[in-house]
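Labels run A, B, C and D following the written order; every chain starts at residue 1.
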Amino acid sequence: MINLLFFGRLGDLAQNVDHSIVYDGQLRTPKELVHELEVAHPRLVAALREPQVLVSVNKMVVKWDHPLFDGDEIAFLPPVTGG
Amino acid sequence: MINLLFFGRLGDLAQNVDHSIVYDGQLRTPKELVHELEVAHPRLVAALREPQVLVSVNKMVVKWDHPLFDGDEIAFLPPVTGG
Amino acid sequence: MSINIHVQHEDFDLASEYTSLRSRTSKIGAVVTFTGLVRDFERLHDDPTSGQNLHTLTLEHYPGMTERLIAEIVDEALQRWSAFGVTVIHRVGCLRPNEQIVFVGVTSEHRENAFKIAEFVMDYLKTKATFWKKVDLNGQQQWIMAKHSDTKAAAKWTEDSDE
Amino acid sequence: MSINIHVQHEDFDLASEYTSLRSRTSKIGAVVTFTGLVRDFERLHDDPTSGQNLHTLTLEHYPGMTERLIAEIVDEALQRWSAFGVTVIHRVGCLRPNEQIVFVGVTSEHRENAFKIAEFVMDYLKTKATFWKKVDLNGQQQWIMAKHSDTKAAAKWTEDSDE
């Protein structure tokens, strides 16, 4: 199982997305994951592809071609606004 | 009457100095005042002439040749160390 | 060195944090505190004319990642300047105008280090830590955009290593 | 704008000052406080090896002149950066290690101004305001010399007007 998290405005756009994906044994990347969401969730995917959005795997920011493994937690992070 | 104030370590050196001087009607300056103290209080005067010592008249920092008038309050200020 | 980092919904008490920071050593000469408050209006962009009345501010964060990122920010500050103690508290959840939102407290021997650390931590908190603000402006919910001025503030620490 | 300046022997309470500073407007986004404490040792010169145990610290000042000079420092800061409130409290008389000696509190809309004003006021307090410190080091009374590092700290505001 791979868990997906969407923060900030991405969370609003991802309300109908399945946040748990069965891991099918194939090597996948965050970039490929986003591509698979494109037909069903075009607005979300457009937002995910904005250049300032970061992706993390297991709470560490990674590149979009980072390999994913069973049990990983993938989070999509828009620009932060705390403080 | 002219009143003299000595702060910080200058105060220790000026313990035997008369802090009130009768104003004799002559125009005087802080520099001349210090000169008049020299024979009786050589250590104090040496300290007053250190380049970092400032002089104020009526709570405003002035030059050493500032003219003095009856009622003035003259203060000798070593480098400050507050905060 | 004592580092305390809290991400919490509960409010915090400046006096308690100050007392706790002060108590650690008698070598402390300087205590700097920064407290951020929720303003009653929010500029949605860098445009100074865009201010609107704010009803509530909701802070979301990424539990686990946020605390680690704050710890990294504090560690980086402490590699640059020495301190006795650093406390960072960031609130999450729904807050109202005038409420306290963030606290940074630093104790050091001399004032310059405490000021630098507090300012550095705040600049990086704004640009690196995984918090997201949503505002309710007259009933309309809206996610806040990152401010260019914050990105610039954090960048100043890398541009000028003398700072 | 609200400016409060006090030179007093009595101790001050950070929480009261903070509450008072915060209460003035709901536009406040940032509160910066600096508190100076009496350290338990004193370096008589800039020599870092010269530290000695401190029993008491006595602060003398020039009443009337000090308050005016602090007001001038605050005014100069407020010509550079905007704020809602500035409070400066400086204690005088005989103090012991760990006691509070000086407080600067600033409220502003954004954090940068509050930090800058607090740091500016502290730098100039150290170099312009008419306070003199005498220390009792193991029974030996001694006036503190001005520190080169303080003169340098104040000079940075004139060298770099972008600061």
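Just so it is clear, a contact is a pair of C-beta atoms (placed from the backbone, for glycine too) under 8 Å apart; a residue touches a chain by one contact, two chains touch by 3 or more.
Predicted model only: the values in this text are computed from it and were never measured.
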Centroid-based (C-alpha) most distant chain relative to chain C: B
Rounded Å distance, chain A centre to chain B centre (Cα mean): 75
Rounded Å distance between chain A and chain C, as computed from the means of their C-alpha atoms: 27
Chain centre separation in whole Å, for chain C relative to chain B (CA means): 50
Shared interface positions of chain C, touching two or more other chains: 36, 122
Two or more partner chains touched - positions in chain B: none
Touching chain combinations (by label order): A-C, B-D, C-D
Touch list for chain A against partner chain C, complex: 5, 7-9, 11-12, 52, 56, 59, 75, 77-83
Complex contacts: residues of chain C adjacent to chain D: 13-15, 18, 22, 26-37, 39-41, 97-98, 109-112, 114-115, 118-119, 122, 149, 153
Interface residues, chain D side, partner chain B - complex: 36, 59-62, 64-65, 68, 90, 101-102, 122, 125-134, 143-147, 150
